[in-house]
Amino acid sequence: MIVDVAIVALKAFLVVFMVLNLAGILGWVERKGSALIQDRIGANRASIFGFAGMGLVNTLLADPLKFLTKEDFIPPAGDKLLHTLAPCMALFPALVTFAVIPFGDVLIIGDRMINLQVANLNIGILYVFAMGSLGVYGIVIGAWASNNKFSLLGGVRGSAQMISYEVAMGLSVMGVLMVYGTLELQEIARDQGTLIRELLPSWLLFMQPIIGWLPAWGIFLQPLAFLLFFTAAVAETKRIPFDLPEGESELVAGYHVEYSGGKFLMFFAGEFAEIVTAAALVTTLFFGGWQVPYLMRDGFHFPWGATWLLPHLAVVVLQLVAFTVKVIFFCWLQILLRWSVPRFRYDQVMRLGWKMMLPLALINVVITAIVIVAAQ
Amino acid sequence: MDASTFVFFLLAGLLVISSLLVVFLRNVVHCAMALVAALLIIAIFFITLHAPMVGILQVMVYAGAIMVLFLFVIMFLNPSVLERPRAAWWSFASLLAVLLGAMLVSLFFNNEPAADPVASTELFGSPEMLAKSLFNDFVLPFEIASVLLLVAIVGAVVLAKRERSV
Amino acid sequence: MVTNQLVLADYNLLRWIPLIPLLAVVFNLFWGRALGKKFAGALACAAVGASFALALYVFWQLPSNGIFRDSIYTWIDSGSFRVNLSFQVDALTAVMLLIVTGIGFLIHIYSLGYMEHDEGMVRFFIYLNLFIFFMLTLVTGDNLLILFVGWEGVGLCSYLLIGFWYHDSNNAIAGNKAFIVNRIGDFGFILGIFLLVTELGRQGIWTLDFLELQKHASMLSPASIGVITLLLFVGATGKSAQLPLFVWLPDAMAGPTPVSALIHAATMVTAGVYMTARLHFLFVLAPSTLSLIAWIGAATAFFAATIALTQNDIKKVLAYSTVSQLGYMFIAVGVGAFSAAIFHLFTHAFFKACLFLGSGSVIHALDGEQDMRKMGGLKAHMPQTYWTYVVATLAIAGAPLTAGFFSKDLILWQAFNHGATALWGIGLITAGMTAFYMFRQLFMVFHGECRADDHAKAHLHESPAVMTLPLMILAFGSIFTGWLGAPEYLWGNRWDLWLQPVFGAAEAHEGSVGTEVIVTLLTLAVVAVGIYFAYAKYGRDGTEVEQRAGAGGLLYRLSLNKYYVDEIYDHVFVRPFTAISDFFARFIDPWVIDGTVNGVAAVTRGSSQVWRGLQTGNVQHYAAGLLVGTLALLAYYFGQS
Amino acid sequence: MLPVNYYLILSAVVFAIGVIGVLIRRNLIVVLMSIELMLNAVNLTFIAFSRYLGSMVGQVAVFFVMAVAAAEAVIGLAIIISVYRQRRSLDPQDMQLLKW
């Protein structure tokens, strides 16, 4: 009993720790990445005893210090309570979403099987969406509480944009759920361990030599869904090209124009945490989560029959590494996106969300359904 | 008084308080936030009552969509004027409501042991069960509900659209 | 029972007899104006001609004891009471058909000439065809309801045609008078129908069909039959201008002359006679009614004749003579000699139509002059009109071997034979007067020197052939049609044989031939006297006319002013009625009726003033209302448990 | 296990509170929110009964209530927006034209 609770607590702590640190590091990556793309050097001033560490110091030490020591300004006409509450509401969902994301298969210690996932809900993916939908409040409330025209505009934009893209997001995932036939993310991740040839219906067997050897990852089964989901996820993180709520050049800083110090840090961290969450979700849904191709619980089983048995611990470690790598890759992809594409106009955002992505998602669902029925 | 009872009373107290806040706070946004809190608490109740699916839907639909829509409208209109209460009507109406509450409560306040609940399986309230009963017994209402939503969307667009002339 | 030997046969041709004129009506209604007077007139004539041909064909096909029936559909079907829209033709109807379509056809043709200068010619022919349609419906309908439809229809057409020149308000008034007086009669008529239906219904027979009625007539109690027949006869008096409802007919002369000839001489006014004949099986069961009819007929005949003696308007004279002749027919009906009545109707149709058309052609020649004192000596100018007029006059006066001679004498003989010597006497005197006033007219119009003013003299002319041809045909008819019903001592009576299946052999001539001859000679003597007096007074020249026109004896003035009947009616009925209406209009309507209505409104308004306070328009108040209701329900629930 | 009438009483209280809101608030948006509150109170009873009778019907009912509530909120808010455009106010007292 106690042990179980302890294990869960440990898992939770690990996850939060990982996410927050990843977020922090991403801050640095973003700066350096932008510098790289814009052919600058980027943050390199702050140093401890001469050690600048490519500016890693800035983000990991200097920035937090700076933020935490700055004055925490609350607009006099603003709403004290909500103004304080808002950043927490922004950060909270991003973190708790991770509870259902599996970062590995079961770990067997003695007779105890530990599911490498904080909480295994039978409605996992819905939980993700529920939390995602709560993410709106952070910015909306923050925007309103600052009692500032720009921030209010940002808040209005944010609420509209996030609701719109939640719809497209949810519908795009439907295809995946239909393919794997479950809502549990752990199940989805496990199912992606199989090979496509095991899924091929009889009338598609001729394809087997060509694609049969591929792992049954979402990206192969639901490419369109992946595109839609990734776009929607980026939109949900309110980053360029979807950073209308923020829109430095239009709304100064949008919803957090009146924020400073620790609260701003929380918004900041929340944004990066969302990046990580989005990356983790994309990984889990479309890129096999912790799956390494051909790696079963007892080792590698290659499609051409060869096998390479490994000890259990090694397998688990491989899985963890694979997961982390994939997540980091998608984080990097998002940062790349943020620095390489311009911002949409507001009506363009709405049109994209409602008139292009939503119909596409619906079409995807219909086609998937047809194929599944045909395959039975 | 075991844990579940304690949790129940805790949540119940919070729920009542937050709903009171919804009604009696003067600032619209505060009301909205209080309502969100109440909705989340109710969602938790759902989950404790073996209705996780509905609970999550509660969070997604109510807290996630409807209330955000409310907030959106509030900010869209941004009504600055605070309402001036009307004492006479205020007392009369709340008296009526309290009467209603009292009646209902006294109605439910029977100390007879409640029919002990049916032992619920693990599946009870899961998406599968919900989907089964939805798409077997309630297919027609389901479809009608979808049509209703479609109509609502169209109606909302038409209503809220600003006339070209204006 | 005679009806038993009647053979019923379906005959789908019948419906077309009335329908063709109706189609013509519709066509002219829409396109007549566009296609012009000539076409419309021609079409109208063609339509009536067609139905005349059809009628002839049917007549040819019809066995004397046969009935053709054409059921189109069931009009009313409630419980055991059902009325078919269906036509039937038996011997009687066939005769009427021939009269209506035949005379109608001739008069249509005549109208082509008479109305050619009138801009309302299309309208005129539409009305005329409509009239023909309704008249045919009337005579061919196989049940009382259809007959009643036709009855009302011809009334309407009569109204429309009397007021045809509605620009002159007098004509419109005359039309109204005819319509209203007819209403009185029709009211009695329809009451009679209702009573008949209910009375029979009480016996378990729900029908208006003539044959059915004939079968079950005997089931009615004598009293009820008396009332029913009386009411029906009221209708007849209205339509056929008998006392006391005759007053409309003379005024009806305001209409165009062909109308007077067709509607107010030949056909419509005889509808009453036809109706009584059609329902003879009812009337024979009510002797009291019959004798009343006879007496009213006699009175009318005499009364109208006396008025006709002194009238100076050429058409008025003819009008009153029509009334008087109708009186004869009702005498015949009254003594149960239905076939004689129809026979006189038949012959009368010819010579009276001829007379009217003749007068019409005279009026036409003198463009619109109707006062006989301004005529005279027209014999030279319009010979054809003159000779036809002479023939018709002889016929109506009852000169030997003319139609009138046979038919009138038949009636008189029947009356005499029936033992009603008084009636016979009146008829006799009336015959004398008839001869007198007809020849008076003849002399005043055609003999002596012309008294017309010069510009009228200027274009005196014989009417065109379209007008004179019908005159000749009718004149021919007014001699030879009578030969069908010759008395026994001549070649015998074909007419009775033809109509026997309908009326039964009720009227056997048990009277000896000798008496009949004597009676006839007596009549001839009286007629001769009448003619002599007329010649003595008016024969030589018209100067007499002027003098007579001035002063005269009391009787003369009485007669000249139609016994002031109109004035009496005006004082007795019209004035009080208008007075009462005025009272209602002034007091009852504004105070009582409006008072009630406004009062209701006021009460409603007042109470609303109170209640509308509840409707504040505030949603929350309504919500509170809901809540109160809920609380009430809950309280009720608590009360229960 | 908690007896069902705990939940019933709780939802009754919440419902009554919602009623108060509907009746006394002079801001249409809040009125609408109070209606949502009432709906949720009812939902709570539904779920409680579905748990205690062990039938899914209650949850299905809640599902439909949510659908209807969504529609209702959308339409209501749209109406509120257009009304606000006309009258520059959200007070039901300023919307009393529909009388007499």
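The letters A, B, C and D name the chains in turn, as written, and every chain counts its residues from 1.
Assume contacts are C-beta pairs under 8 Å (C-beta built on N, C-alpha and C of every residue); 3 or more make two chains touch, one makes a residue touch a chain.
Values in this document were obtained by computation on a predicted structure and should not be read as measured data.
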{"item": "Chain closest to the assembly centre - both centres taken as Cα means", "value": "D"}
{"item": "Longest centre-to-centre distance from subunit C, chain (CA-based)", "value": "A"}
{"item": "Distance between chain centroids, defined by C-alpha means - subunit A, subunit D (Å)", "value": "35"}
{"item": "Cα-centroid distance, subunit A relative to subunit C, in whole angstrom", "value": "105"}
{"item": "Rounded Å distance between subunit B and subunit D, as computed from the means of their C-alpha atoms", "value": "7"}
{"item": "Whole-Å gap between the CA centroids of subunit C and subunit D", "value": "81"}
{"item": "Shared-contact residues (touching 2 or more other chains) in subunit C", "value": "620, 624, 627"}
{"item": "Numbers and ranges of subunit D residues touching at least 2 other chains", "value": "19, 23-24"}
{"item": "Subunit B residues counted as touching two or more neighbouring chains", "value": "53, 57, 65, 69, 74, 76, 89, 93, 96-97, 100, 104, 107"}
{"item": "Pairs of chains, among all present, that meet the touch criterion", "value": "A-B, B-C, B-D, C-D"}
{"item": "Of all residues in subunit B, those that touch subunit D in their complex", "value": "4-5, 8, 12, 15-16, 19-20, 22-23, 28, 31-32, 35, 38-39, 42, 45-46, 49-51, 53-54, 57-58, 61-62, 65-66, 69-70, 73-74, 76-77, 79, 81, 83-86, 89-90, 93-94, 96-98, 100-101, 104-105, 107-110, 113-120, 124-125, 129-130, 132-134, 137-138, 141, 145, 148-149, 151-153, 155-157, 159-160, 162, 166"}
{"item": "Interface residues, subunit D side, partner subunit B - complex", "value": "1-10, 12-21, 23-27, 29-30, 32-34, 36-37, 40, 43-44, 47-48, 50-54, 56-57, 59-60, 62-64, 66-75, 77-82, 84-85, 89-91"}
{"item": "Complex interface listing, subunit A residues touching subunit B", "value": "79, 82, 121-123, 126-127, 129-130, 132-134, 136-137, 140-141, 143-144, 152, 155-156, 159-160, 162-163, 166, 183"}
{"item": "In the complex with subunit D, residue positions of subunit C that touch it", "value": "612, 615-620, 623-624, 627"}
{"item": "Residue numbers on subunit B that touch subunit C, as the complex places them", "value": "89, 92-93, 96-97, 99-100, 103-104, 107"}
